[in-house]
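Each of the next two complexes has chain A plus one other chain: chain B in the first, chain C in the second.
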Partner chain A sequence: MAIDIPTLMNSLFPAGTLLLALLLIFAAILHINNLNRVHKLMAVLQHKKEVSKAIFYREMTISQGSNFTALALAAWIMLSVAIAYLYLLVPSILPFSYMDIAELASSTLGFAIFGILVACLAGAIILFLDKLPQDHRDLKLMELYSFYSISKTMKKMISMTVIALCISVLLSAYIGTIYPIHSQPAELLSLMLLVVSAGVLVMPIYKEAWEARI
Partner chain B sequence: MRLCIVGIGGAGGKVTQEFLGNEDLDFPLLSHITGAEYVSPGALQGIWLEADKNDAKNIQSFFGDMTEGCYPCFYIPHDVVSDGCEVHRLVREKYGYDVKKQGFVRDAQYLKAIFEIFDTDEQIQETVAQTMIKEMVEAKGDIPAANGSSSSQAPNPIFDSAWNAIREFTTLGKKGECDGILFIVSFGGGTGTGFINPIINHIRNEGKADYPVFVLGILTELGDFADKAQFTKSGRRNLAAISALYDLLTKGSGANGVIIIDNEIMMSRFGNDYASANRFIHKVMQPVVAARDYPDEIPPAQAIAQQSSRGVSRPPIFVPLYASMPRGKDLEEALVQKALSDEGRLFACTPEKADFAMVFCRGFIDDEKIRTALSKATDIPFTRIWPMRKMGEGENEILILLRNPYGGDPKAYLRDDTLENRFCKVISLALQQIIQRPEDLFYEGKGNETVGKNGKSDQVRLTEMSKQALKTFFFGSDGSSKNSGFVFELNEARKRLRDGEKPFFIDPLRIFQKESLVSDETKKSHAPVKTDEEIARIVDARINELIEQGLIKGP
Partner chain C sequence: MLRLAAAILALLLVAGLSQAGEVLGGGDSSGGGDSGTPSVSPGGGGGGSRQIDIDRLIKAVKDGEKKKPAKFEELRTLLWKDPITSEEYEWPTVLMYYKGNNTTVSRNQPLEIITVATNNNPLEMRRMLDLYLEVKEPGSSKYDRINTWPEKIQTNEYDEKTNTTYRIWGMLPSFSYLKNIGEVRIRANVSDGVNKWSTASYPKPNPPFYSELVFNVTNSLPKMSGFNVTPSGLVRYNDPIEYKANIEDADGDLLNVTLHILDENGVERKNETQNMLPGAVSFKANEYGFFKEADGGKNFTYYYSYDDGIKFISKDSADLLKGPNIRKGPKLSVDKLRFSSSSENYYWWEKYGFNLRVKNLNPEEYEVSFTLSTKTDNNKWNTVETKTVKIGPDPVEVNFNDTKPFQVTDAGQTFYYRVKYSEYDQSGKDAMEQTGTRINAKIVPYSIYNPVMVMNLVPMLFLILLGSFFAERKLKKGIESHESASGKAGNRKNNKQESRGKSGGSFAGKVLKMLRRG
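Showing the complex of A and B:
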């Protein structure tokens, strides 16, 4: 059976998008599940009816270092920016886009303003989540990695995603610049960098879920 | 429990390095922006005490100089005594000891002697008080009294400064957070074996009698494999090892426990790959030092220290047994069995003879099942097994620390897999070294001469007074080794091991005596003077025995 290359290429982007969405959704579910499972396990192993969540989270969190935390936070913000750039900069995927605000989008600092706005929004959400009560520390993105044991190599990989995501943003900006012309390779490469970076960012969650599968 | 890891000597430093790695990413520029602090796993802190300045400054790069504000850091205690100063000169003239030479002399008695000189000699104490005011203020934070004595103990620049360096990381310091100390030494080198007892004595004499202090020691192998790495011969290594262990195990108010690992076992697993062996020791200790305690379960170090030495009048030996397995349900018994097998033992022992066990678990483990499995396998009473748990990562792990797992069997020393056998071998090699090379005890043998940086001979030339003190220490007051002295005590210890007696080291020995302690009556009876704390521990042990026998009710 002959492979229809253009059809294959056209289906890669939606498939990649679906993979990215599933990767992040499942990571969120698994993260909450990981913590709930350990919390319940504590009660069973300590022969108690219930273990206080605040105390449980206090014992479970470990410091991963300020440099790593700063870089991981930057990576998550960059991930938000990269996603916004790929899907919201031009209307090739969604029916609406930043290009709808034509005057702002075509100004000298148009793309940069968009990126900064998205980054500020992501930062605001992260800060809001950080203000949640101690019982909901599992939802705080700033503390995400403190619940997991992360090797130095893994930390380096997570910090390196900032660079990969920067490249993804640049590629998306290129797509926005040449719009309405399409560049499928640029779109796919940008998406691939996004998927790989997202995968690295949530890898500790999947690793823990895998190790605890028994 | 949060421990301050103190590595002493070359090998101690290399193992300590494994504990003190930085969890954070090392980006100096970013660190400057984020104000990042050095974060070790388990929030451990620590220091490396070393005597070899060249090794510390030029050969390794992990530790920086503490005096330059680096962390993780090394500290050279004898640097506090400047070359050629009055104290340096006086000790050399009066005793022949060069206080700046320790570590290069590969035995445990060298530093023991120096510690006791400062502890007993009033003239030296006065000289320290008069000529080293600035150094002592830096070392201790106070000026020694004019008569040479401080509020707590005689001024001792080397150990005062070393303790001062360590204290900063402990809750006894101004900003420290560690509630206990774990000394890591190699029993076989020069610095570790020499330094470990004086520094613990110094901590205790400072009035910190109840501060938790544990020792993790790696006992040197029997053959000559380590001769090159340790720069010394097998006999001498074993003499240094047994000297250090003797002092550690007889000092009633000393360490709260001596965890001992056999380098023979390490070598059988890792050959001459010392780096892998060091990593393994770090891995084995993870259930003790890692973060993530079970909520409200791990007690402070002080409670662990009290429990570990409860009922015994001398510091106990703890034999570590380690096992790890992939996570799974109902694996507790399998973990215990694996730890008790030859694969899990890090020192020869008879688990059934242990009188108490601390079980550090890491992972998702049921403590009741661990207790049941260990009690069933070893006959240690259920109530004498104390599990402590931490949440884990990857595999489930347990580290069983068996207290004094030996004794009660007169034939045990004949079997290769017993603690009695291993200690008998070390004692025999040490005695052989003393008999075959007595000149080495006084630093007069050929191998004791080294050439210093200035090209002059660095050989130690003891004075007659020191030689006599050492002779009495080794061979007793009559020189026959038949009634007293270290040789006599070692022979007696070997006899006790062969008879299955517990403990096997009994009486603490000194090279230089404190006049106040040596009353005529004591001299006659050779009975050691017991401190209040030792008496309290003996009474405590007897009460526990009576409770166990059901003669009196427990609290």
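Showing the complex of A and C:
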């Protein structure tokens, strides 16, 4: 059966989008599951019926270093900006886009304003989650990596996602500048960088889940 | 006996109609109803049995009065019975009635003319009355009958206690139809089938009853005000010149208003009449073709005349009113309206040029202003630039160079351009319009390697990075908070703060120190 290349290319973007969404959703589920599992295990090991969450989180906490934490935070914010640039800059999938606000889109600082607004929004959400009670530290994105053993290589990889996401943002910005012309290679490359970066960012969670299974 | 014969005749007639399918009926053919009411059998059968009771008969006759008045009249003639003549019969008293005090009325004032009849005879002796209303108009020597058909008062419609009834004459709601004003007399003529008399024959009844109603009908003069001609000052002969005024009439009469236009010698140039109700008066010069090109340089005057059908005002105002003053001007010949763009891409941010060729068909030279406007699709016209150029008999190119007429919202739409001039062209128009082309749909005017884009993206990414470091340093999620959470907080924190306090220095130094810490 002959492969229809244009159809295949057209289906790659939705498929990549789905993969990205599933990657992040499953990571969230697995993260909570990982912590719950260890929480129960701790109670069993200490021969107690229940260990308080506060004690559990205190015992689980591993300091990852401030530079790494800052870079991880930057990577997560950058991921939000890259997603917004890819999906909201031009109406490639969604019916609405930043290009609908034509005055802003064509202004001298339009792209910067858009990116900074998204970054501020993402930062605000992260800071809001950080204000949750200590019993809900599993939901704090800034402390995500505090519950996992992360190797130096992994830390480097997570730090490198900042660069990959910057490239993704630049590619999406390029797509915005040529709109309404489409550049499928640029879209796919931008999405690919997004998916890879997201995968690296949540890799410790999957790794932990995989190791626990074994 | 006569009444009985008439009733039987009516029943037979209606029964005949019912057989023709026009009258309701039904039931058995026994000739008797179960309620004991009189009933008529169609007799002879054939085609089913039908029963006509008295209620249905009355209903059929009432319906006939509304739906078939001619047939109803025919039936009534058939059922007519001669009036009872008796020495005890008393003539009914019929008088005019007017409840108002003021008998001086304007022509359009609503009136309620009423005739009241009192019949003291027993019901059996009463006769149906025919009433005719008669009016004597101002200046007339005779009474004119208003109603062609008599207004009938039936024997059974009198009030049981007072033996009176009345008729409101709706056909005379006011005196607006009068062509003259003055005294109007109204009376009613009465006939009971045997005797005829007039309400005027009663000597002097007490008000509000009258043998005759006498009204003094007046007329209010219409009045004009607020004379004006727009636009004021010097105008072109084909400008939208409008004569405006207000006309009032207390009676609300239909008015004939005539505008008289006089030339510089006081000779009437033209007059036009409008048939209108009181209110705003408006004569638009272009509609009536008051002025021509040859009127350039002339000053006109005007006045109004008007009437309300009774009174004619020959001149208002007394002095002639001034306007309009027509100015001389060129007659343009305009062609070759074109546009050009700085590139063939037709981006919204590009510079566009527009030009047209103009000359004066007359030998003089005039200053003419040209206004360039553009629009896209269904949007409004947007003025781009205005220029004043001297136009003589030699053709002149009017150029609008390096304009930026479009916004980002125009991207992807077809544009139109128009040049409007302060004089009229060879077609009698004051503007020329053309369709441009479709503006490129591209929105962002910068390429990715443009310095503007570099200045957008690089600082943005740097700010995100810097902001993240700043947030981490403030929240201390990397080391201190965890150490604090696990009870390991020690002198290290204080030492750090001390060293930070010492670092001081410039903003750049602080940023570098913040990034170095780990």
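Rule of thumb we're sticking to: the second predicted complex is superposed on the first by the 213 of 214 C-alpha atoms of A that agree within 3 Å, B and C clash if a C-alpha of one lies under 4 Å from a C-alpha of the other, contacts with A are read in each partner's own complex, and residues count from 1 in each chain.
Note that contacts are C-beta pairs under 8 Å (C-beta built on N, C-alpha and C of every residue); 3 or more make two chains touch, one makes a residue touch a chain.
For clarity, every value in this text was computed on a predicted model and none was experimentally measured.
In the superposition on chain A, A:70 makes contact with both chain B and chain C. In the superposition on chain A, A:156 makes contact with chain B only, while chain C stays out of contact range. Residue contacts after overlaying the shared chain place A:56 against chain B, while chain C stays out of touching range.
When the two complexes are overlaid on their common chain A, residue A:146 makes contact with chain C while staying clear of chain B.
Of the two partner chains placed by the overlay, only chain C lies in contact with A:174; chain B stays clear of it. The partner of chain A that touches more of its residues, comparing chain B with chain C, is C. Under the contact criterion defined above, the residues of chain A that touch both chain B in one complex and chain C in the other are 58-59, 62-71. If you check the complex, the residues on chain C that touch chain A are 348-349, 407-409, 411-412, 441-448, 452-453, 455-457, 459-461, 463-465, 467-469, 471-473, 475-479, 482-483, 485-487, 515, 517-518.
Residue ranges on chain A touching chain B, taken from their complex, read 38, 41-42, 45-47, 51-52, 55-56, 58-60, 62-71, 148-149, 152, 155-156, 159, 208, 211-212, 214.
Within the complex, the chain A residues that touch chain C are 57-59, 61-71, 73-74, 77-78, 81, 99, 102-103, 105-106, 108-112, 115-116, 119, 123, 126-127, 130, 134, 142-143, 146, 162, 166, 169-170, 173-174, 176-181. In the complex of the two chains, the chain B residues touching chain A come out as 22-27, 30-31, 33-37, 39, 41, 43, 291-297, 326-329, 364-368, 389, 391, 393-394.
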